[in-house]
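One chain, subunit A, links the two complexes that follow: it is found with subunit B in the first and with subunit C in the second.
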Partner chain A sequence: MTVEEDENGSCDTPGAILQNIRPTRRSTTFATMPLSTQSQADDEQYVLVASLDNARNLSNILKAITFKDHAIFTATPNGLKVTVEDSKCLQANAFIQAEIFQEYTIKEDLVGFQINLTVLLDCLNIFGGSTVPGVSTALRMCYRGYGYPLTLFLEEAGVVTVCKINTQEPEEPIDFEFCSNNVTNKVILQSESLKEAFSELDMTSEVLQITMSPSQPYFRLSTFGSSGNAHYDYSKDSDMMELFRCTKTQTNRYKMSLLKPSTKALALSCKVSVRTDSRGFLSLQYLVRNDDGQICFVEYYCCPDEEVD
Partner chain B sequence: MDCVLDGNCVKAFGKAIHALSRIGDELWLDPMVRGLALRSVNSAHSAYACFLFSPLFFQQYNLGSVSEEGNETIKCKLVIKSVLPLFRCLSSIERNVKRCQISISAPCDRVMIRFFCRHGITKTHNVRFQESEALQAVFASHLCPNVLKAPARLLGDMVTHFPVSQEEITLSMTSLRVSLRNYFEGAKDHIKTMHTEISLHPEEFDYFQVGVDSDITFCLKELRGLLAFAESHCLPVSVHSSATGRPVCFSVEDMVLEATVVLATLIDSEIRGPSQPTETPVPTTPRWILLQQFQPDCSTSGSFVARFASCHREECVVCVPRCVHAATLPVGSCEARSNIPHDITAVTELVTSSQDSPIINPPALMQLLPQTDIPNEFCVPDAACPSTSTTPASTVICSLLFRALSSDEDDDSCAAGLNVLACYSDGEETMEDYPRSFLLGEVTQDALHILTFCDVAQSRSK
Partner chain C sequence: MKFRGKIVDVACLNHFSRVITTISKLTKMCVLRLTPDNLFFVLSEKVANGGVSMWCELSQANFFDEYQMEGVSPEDNEICLEVTPENLSRALKTVQSAKSVKVKLTKKHCPCLTIAAELPTLSSISRVVTHDVPVDVIPRRLWHEFIEPSVPDFDVSIYLPPLKTMKNVVDRMKNLSNFLVIEANLNGEMNLKIETDLVSVTTHFKDLGNPPWGDDSSQDGGPSQGRDPDSMAEARVDIRRLQQFLMGQQVNPSKAMCNIVHQRILHLILLHEDVSLQYFIPAVA
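After this line comes the complex of A and B, so read on.
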């Protein structure tokens, strides 16, 4: 299979360039080993090459953090981290470890770029979202380095698509300075119970108040809406509570609009850890199992709206 | 008030709220000795629903100790939109909720609804309410000539044949059969609409009594909630009705709850029943649908008095506040004030209705009307008026109303138009000159034409 490359291959051309390429006779091998028999010579130029047999293992987790158009990709030998931020108060990170990928090659210690996440997701889903069993979209993601677009090779049922998405200068992700030493309260809950609570949350409330305490009410989510207030209390003895480690009573409020996107991550997850530190910053960590049963993490950091003690 | 429901009953309670949400936007929570009543009235005041849960329905039912202030139990009015989401997902309630506690405590303005769920989770909702006297429809079902009792699924199955968008249906009853058909206003689009008619043989009913052949047309949408409730509880539905134009009552009951929906019915202007008054004003008291909320501070903006033409006093639907001060009627208390409701509380006379609820004595009500100049043509001899102590203004009104009812020329102009709901409204509203037949109680959902009594007089005098 030949891949037609642009003359310049640079990011001068706006947006993504999509080319549908008809497979040659050798394409039958591609159906089983998609894209991996690309000539070795091509690979030399890439600083990052990551392949997945099922692109959904990446696209599903990225959907959990798509509340803004732009995302910062940070690749290290450990894996890929995708960061999305909102108004300097909220940060969402998706971690896809190197082990998740069928192929993961990185030539530098750190490769970073910023990219339009919406476009990336559209490309990953270019063959449509249909979930016919046994048919999945294979992905090969290649990056040549600073100034080059991110190239995606996507294949499904013998049809290959090449997408090139422009990259931008990566912004420095905010460091919320959330460290384990400062954590005052931590609980780990099974997502099932929290999913119900979040789906019932009164959206007319501007804030979500989280109270964590070694004594009653232990773990409480509160809303203050136009028709009244509501409280969801989780007892520390609840069988939904996998871990309860609260050292002091803390009540913090967070803007509902900031936390609303986290429900997407909650929907995908099976467990969630809720931690607050001494400043009232909130860390939500979601354990997500992908289609193949592998574990990925999504985390959200949020600044408190006001301190309520 | 403090009550606790166990898991199974929470679902029934939730279904009741779903049914009530089909009627109106507001929910009255009325704790009484004989149970907790949930009521709702639609904005056009043409539909009323009440679900009464007896104390046996609850695991615990306390009306609360006589508080320090010595107040009776609080009656609250909630916005249905704030309560419905709590009971929205009935299947998850069935799965998760072990117990539900509802309490209203005197000092605060919140109803607390607390769900004790599995897995040690507790959900507490504090919903704001307004203190408000409850509305209650008084409907003398024992005086209805037509009574049907349909098995649980029968009516529900019948109405599934009508599209969800169908607003009104007509229930025809004769001694040989009962039929349901959809109702269309006017002659519009007969070709484009699908007409459906379903007939039932009297034997399909558990109880069948048709005293008066009638065609009653009422709003289907408002009824669907009750039918869904009846189906889910496998309860037969009783239908009490009379002639065309009179309200119809649908009810279900079992040992621990009873649910009632009272709907106004349309009067087809072409149909002239034997009940129409003649030229001379009939010395019977006018029938009223009185829907009024008497706030403790007597500020009732937008409340109004609706009048339905019907024959027998006992059969009218009268909605009254449950606590109305008994006072003798001061003669000549009429002042040229626009605030009718302010006066009403002071001058209403307690008249026992068939259901032991107070109703307003209409002639007394009319005495509150502002005085206006009465053109000669509308004068009516005093003897014809129900009350000898009526002021001239009320005489005018009396005669106007009766006259309007009997006018033949009005039939043409009476389209699907609205009824005169004589009302009191706050602002100075310039009312159009309504056709005289507007008094024939055709309440439909889309509009509520309201007129002040004095405006009626003024427009007539033009």
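After this line comes the complex of A and C, so read on.
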């Protein structure tokens, strides 16, 4: 193998300094190619290639939805969507737009696969996931298509790691049929205000009750635990309340065990929108800024546990 | 049998403690050999240890200000004790701020290594703290089990990558697999590989350099003679053993290297001017 120049006549960074890694005599199922010195011919075989100078821009947002082992990856020309579901009642999605990636090439309208998310995160953090400033892990993610593993090339400080993670047939993500026309109540809050409440949530309560109303108490989170009931009220006039659009008083309960994982997404976010529709379905949308200040979204959909009028 | 030593330098005390802490992470129990010039911490290869063995050598003069010992007999001027390094480590941790620390072989209700330290207090009177760490005396007839291991007839010898990087990678790989393959060649290249049903991960290190063993006559003129520099020697080992060894970066070695006997043994060496640590991990199928 030799180092090939791309069509611009220059070698990509960050791997340009690396010499080619010679395949070992015992290399079996995978080639050991450094990050950016793959020739264009090699790229032909992939239906999806996505690169990041900083792998944390992917791994951090994935942490916000890692409450189950398996995730469905759906890639379109717009970007990457990663979906995790729990017992058909909860769905979490992380969106990483194509613009976030330094390189994003997709050869089909839709590329989908299922993968073990915990394994993927261990691979993305193979160099320890340190937060030393100026040191980051570069990532090149490649997928050849149905039946092939997801290949990751990761590089930090001149050391290259190649991971091949097996993929499975993707399940169809649930369509919660949550549409804006049906939204009865919506608030947008600065995440800061909710973080404290969520970190203190009484876990002995089986449900988290959310009350939204055009009148008092406006927006209330309630728990019913073994040591008593707790209420967190957010007034529509609060500094933290960026948008308040409630048309009708609604109280809904959601299983605490389903919503608790959303705390991770909340911790990463700067703003969160809380919406309920006429059926009592809950949509939480989080605005997350990555290391480079770019915006990504995470959303959680949850079915109500029971209707309380 | 007599032994008494005194450490007065705080840096020496610190370093000594760190060495013992590193050893405590490698093994629950080991043998401490005391000779006029050195201290050796030895773990001999036994099925019960999973086949690993360890040899750690400290030159007494680099740690102790005073050091007196009288062995079992004038011909066998040595003391051999079985110790639990964790107990020693804990005792030493409590006396890090001491003006001086004495280590003595004593007999309380059983043989002990007694650590006595003078700790500074706000008043002019010092506080004396004593720890009695129980030990077992190893009889002379068993001493042959605790001799320095010879360097194996290795296929490849190579310097290790920065231990912190290696440890980070091995820590993550441990989440994915119980076993790891370490392979290296005489071109300064080393790969760490794991492969399971779910995933395969390979980390490539380059330009590591190979130590010059060429003048060692026991190697038949040196292992590099006639060996294809690209050819990899490998050993498949239990990841936890490698992980335990990598915690030894605490010792801050000036040199770290390993020797691989293809599919047999991984021999890891940490060198420092005051202390050397060798760890042998057998390869598994």
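Of note:
We take it that the second predicted complex is superposed on the first by the 275 of 309 C-alpha atoms of A that agree within 3 Å, B and C clash if a C-alpha of one lies under 4 Å from a C-alpha of the other, contacts with A are read in each partner's own complex, and residues count from 1 in each chain.
Note that in this section a contact is a pair of C-beta atoms (placed from the backbone, for glycine too) under 8 Å apart; a residue touches a chain by one contact, two chains touch by 3 or more.
Since we're looking at a predicted model, the values are computed, not measured.
In the superposition on chain A, A:D237 makes contact with subunit B only, while subunit C stays out of contact range. Greater residue coverage of subunit A by touch, when subunit B is weighed against subunit C, goes to C. Once the two complexes are laid over each other on the shared chain, residue contacts for A:S227 go to subunit B alone; subunit C is not touched.
Of the two partner chains placed by the overlay, only subunit C lies in contact with A:N125; subunit B stays clear of it. Look at A:S180: by the touch rule set out above, it reaches neither subunit B nor subunit C. When the shared chain is aligned, no partner comes close enough to touch A:S215: not subunit B, not subunit C.
Of the two partner chains, subunit B is the only one touched by A:E200; subunit C is not.
Within the complex formed with subunit B, the subunit A residues making contact are 193, 196-197, 200, 202, 226-235, 237-241. For subunit A in complex with subunit C, the residues that touch the partner chain are 18-19, 21-22, 24-26, 29-30, 32, 116, 118-119, 122-123, 125-128, 130, 149, 157-166.
Looking at the complex, you find that subunit C touches subunit A at residues 161, 165, 168-169, 171-173, 175-176, 183, 189, 191, 197-206, 230-232, 234. Across the complex, subunit B meets subunit A through its residues 79, 81-82, 85, 92, 96, 110, 119-128.
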